[in-house]
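Here the chain labels run A, B and C in written order, and each chain numbers its own residues starting at 1.
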Amino acid sequence: MAVATTTETGARPSWSGRRPSIPAWTGTVPFLAYVVVFLLWPTGIVVVDSLKHPNGNWALSNITELGNPLVRGYFIGSFKLCLLSSALGAVLGAILAYAVASGNPDGVVRRLYLASSGVLAQFGGVTLAFAFLVLIGPVGLLFHASWYFEFPWGIGLIYTYFEIPLMVLVFLPAIDGLKVQWREASENLGASAWQYWRYVGAPLLAPAFLGGALLLFANALSAFATIQAWENQIAYTVPQQISTALSSEVGLSNVNVADLLALGMVIMVAIVMTGYALLQRRAARWLR
Amino acid sequence: MTSSPLTRTPEGAARNAVEVRMEGLSRHYGAVVALDRLDLTLQPGELVALLGPSGCGKTTTLRLLAGLEDADTGHITVGGKDITRLSAAKRDMGMVFQAYSLFPHMTVRQNVAFGLRLRRVGAAQRDKRALEMLDLVGLSTQADRYPHQISGGQQQRVALARALAIEPQVLLLDEPLSALDAKVRAQLRDEIRRIQLEVGITTLFVTHDQEEALAIADRVGVMREGRIEQLAPPTEVYSRPATSFVAEFVGLSNRLTGEVRGGEVTVRGRTLPLVESNVPDGQVVALVRPEAVTLASHTAPEPGPLVGTVIAVTFLGATSRVTVDLGDITILAQLSTSDAAALPAGSRVALTIRPDPVLVSADAASAGPAAEEEA
Amino acid sequence: MAAVTALGETPAAESASHPRGMQSRRRRRLNLFRYVVFTVFGLFFVLPLLAMARFSLEGAKLGTWSLTAWRQIASYQGTGIPPLLSAIEITLELAVITCVVTLALLVPTMIWIRLRVQWLARTMEFLCLLPLTIPAIVLVVGLGRIYNRIQHYSLSALMLFWVYVILALPYAYRALAAGLSAIDVTTLSEAARSLGASWFTVIVRVIAPNMRQAILNALLLTFALVLGEFTIAYLLLYTNLQVELYSISRNTPNAGVLFSTSFAALLFAFALLLILSYAGRRRRGRG
């Protein structure tokens, strides 16, 4: 780390004279190295191995396995669940986000809801499954929901529970980005509340909303803990099937099944996240 | 909505323009009084500028007129109709905000046509009118650009076009130039005035920049703490300020102690007429404009009440401001730069004060260095 | 323009002392909407938690109250699985380590990129978003190979922190980026550098303190994440808090200790967030 040897008023700070020049980007090496080793490499392994035979030869035809009806069934199951929970989560989350955003920016309510959202978005999983079990399960304290163990209804509700806070976290900045001048200008030009939302508010928020919904979808797709704790015996979704494939492996026979399913997941989620990134860019241009 | 010709004759303007009358308007936020029983009437077709420091209530007045806020008490009448209870959307006024008011997801053309779209004007008609308005503000070549692709000055022109497109009865401008560069500001200011005169619309213009207010208004209302201190044409506000606040807010003033006797005030040996004739005799503080002070080089060393040394010369372009030390106080004079060039720092000078009528105030306590304009 | 109608209000004279115009009416409607929304959502979020709390206080006979489940947290030991307390300890330690490493990795890098290597900003954003894209389960499949080779059975669960940092990246990055964008990093660093500060000082003593709220947010999110993590630990055959709870639930589905522990963990996270939200608040002066 260089220390500036002179006090330069107004001039740009610079390295002291005699140092050999090390390019600045080397400062990011620790981070980059870490990500490569623990994220990119494992993912790479998955992608590569899924295209190989158990004995190590290339087998690009493995991809056609993804069309297998059994595998398709798992993807469709995942899809149904994620569609349900992300649609619900997006709409409800947007409403809640609007309620939070339209209040005092520094107030208690906003801080509370924001912070809770941060926690609740993480607390899916085992804990949540227990909580709902106790609330509306067979010996439910509130009532017994007969549909609780039906797929995708019971689990869909639980997913929605942690999808809503995530939506609030993601969508709130967009609502904050709606400038008050736009509302006032449209009012001044004669727009009613409905007309404002229809011509100005909704179009401006649409990219962020869709982006948020996509994020929720990807998030639900990846969820494993919740559904595992909800119902252990039956595998409805792809993550569960991967787990089964992994845990039932004797030797290496099922390794590639898990890889394949994982590959399928990566593709699906990658598509979704690309859409998300594009929409975010559009939203950012307008709402920043 | 009938389409009317853009350029109206003076009679046409007088015929179509409306009077805006605000009576007894009050507004408070908790314990803070933003407006205190304000009365203000705008004549048909006139441009009134509300001028004052931040917090004086000028923006509140505008927003009450626009309907963006509700008055606690009072009435607003436009063209004879009481609109106090009317929602902002129904008030038929055009407003230009300080910044950020263009819809970012619409092109310039769509922005300008928005108000017409709300009024269900047909697409072809809308488009024609939008282009007319863009022509008026000189931006028809930018019609299909997005707000983020044009400059700040251009954005404000579009905002003006958008406000006028709906043919409102009143035009409201909330510090429209404050966010712009100095050069653009001056240009746009004159543009706005030109367009306002051409269209002949009654206009309320809010600003904290006195130069703007003096340059374009038919009448200037200087506000302070929720009240109008003076409402008069610009020349009058400048040369015959009604209160010391106005005198000090608009332009610079030298505060000099003096004595009133028989309707005149004597300041440092010079006798000057008064703005108000019926000031009682006694000690006062007289407010003398820097441009009323003239300087001449004076090499003789005898001191006098109007003899001093130049401390500093501030170059302002065409004019310069000279600070002179008279021994007990400092005084500001404003000269043309060529005259000031002959009087560098350190020169001995003799002062004369032009016999313009001066305003005096009774608080003799605060005589001294010249008052600066409010930032 | 339509003549002004009173819209059901009494004549203007009566409304002299209170603003009864459109704006205040609209604000009142908005507030009503907000209260309804907050109540409904509040109930939805709180009910399951309350159910858990209630169940955790359930006694031997239905309808009785008892603190047994809470006392058991310290002593519970199921057959064939490690004691609950050790799982709690491990998880807490993991959380702390993960927080520290995540911050140490992200904060300097983000500041450095912002100051000196701006062209890498997009790349970093993408890399930090990637863990959201790549499901934990996929990571496990890939990591399993690596971990297998290192004979991980003998390693403590603390080795999980390497992966947890990756999982935390998207959330921590978001929180920190929000904080960074709110301050003028360039000006601050140039001022510090012109006064003779080293880059280390700039990062640690000039910029980071100005990001206090953001750092605390990132901390909170990371901590919550580790407390709630299940998938990777489970599939890599480690025992952390969530895995332990899951194992207990498979053996003894209605063990009260499940609910008391879960609820305690939640309470802990909430307490943390409350403390952090107050600690991060800047002292506000008057006016």
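The criterion applied here is as follows: a residue touches a chain if its C-beta (ideal position, glycine included) is under 8 Å from a C-beta of that chain, and two chains touch if they have at least 3 such contacts.
These figures come from a predicted structure and were not determined experimentally.
Enquirer: Which chain is most remote from chain A in terms of Cα centres?
Expert: The chain lying farthest from chain A is B.
Enquirer: Counting C-beta pairs in contact, which chain pair ranks first?
Expert: The chain pair sharing the largest number of C-beta contacts is A-C.
Enquirer: So the centre of each chain is just the mean of its C-alpha atoms; given that, what is the distance between chain A and chain C in Å?
Expert: Measuring from centre to centre gives 14 Å for this pair.
Enquirer: Could you tell me the distance, in whole angstrom, between the mean C-alpha positions of chain A and chain B?
Expert: Once rounded, the distance between the two centres reads 53 Å.
Enquirer: Which chain B residues touch at least two other chains?
Expert: 67-68, 87-88, 90, 92
Enquirer: Where on chain A does chain C make contact in their complex?
Expert: The touching residues are 1-4, 7-13, 24-25, 27-28, 30-32, 34-35, 38-39, 41-46, 49, 92, 95-96, 99, 102-103, 109, 111-113, 115-116, 118-120, 122-128, 130-132, 134-135, 139-142, 161, 164, 193, 215, 218-219, 221-222, 224-225, 228-229, 232, 239, 242-243, 246-247, 258-259, 262, 265-266, 269-270, 273, 277.
Enquirer: Please give the residue numbers of chain B that touch chain A in the complex, ascending.
Expert: Within the complex, chain B touches chain A at residues 66-68, 87-95, 97, 99-105, 114-115, 117-119, 148, 159, 162-163, 166.
Enquirer: Quick one: which bits of chain B touch chain C in the complex? Just the residue numbers, please.
Expert: 27, 67-73, 75, 81-88, 90, 92
Enquirer: Quick one: in the complex, what on chain C touches chain B?
Expert: Against chain B, chain C makes touches at 1-7, 9, 12, 16-24.
Enquirer: Along chain C, where are the residues that touch chain A in the complex?
Expert: Of all residues in chain C, those touching chain A are 26, 30, 33-34, 37-38, 41, 44-45, 47-49, 51-52, 54-55, 105-106, 108-109, 112-113, 116-117, 120, 124, 126-127, 129-146, 162-163, 165-166, 169, 171, 189-190, 193-200, 217, 220-221, 224-225, 227-231, 234-235, 242, 245-246, 249-250, 254, 258-259, 262, 265-266, 269-270, 273-274, 276-277.
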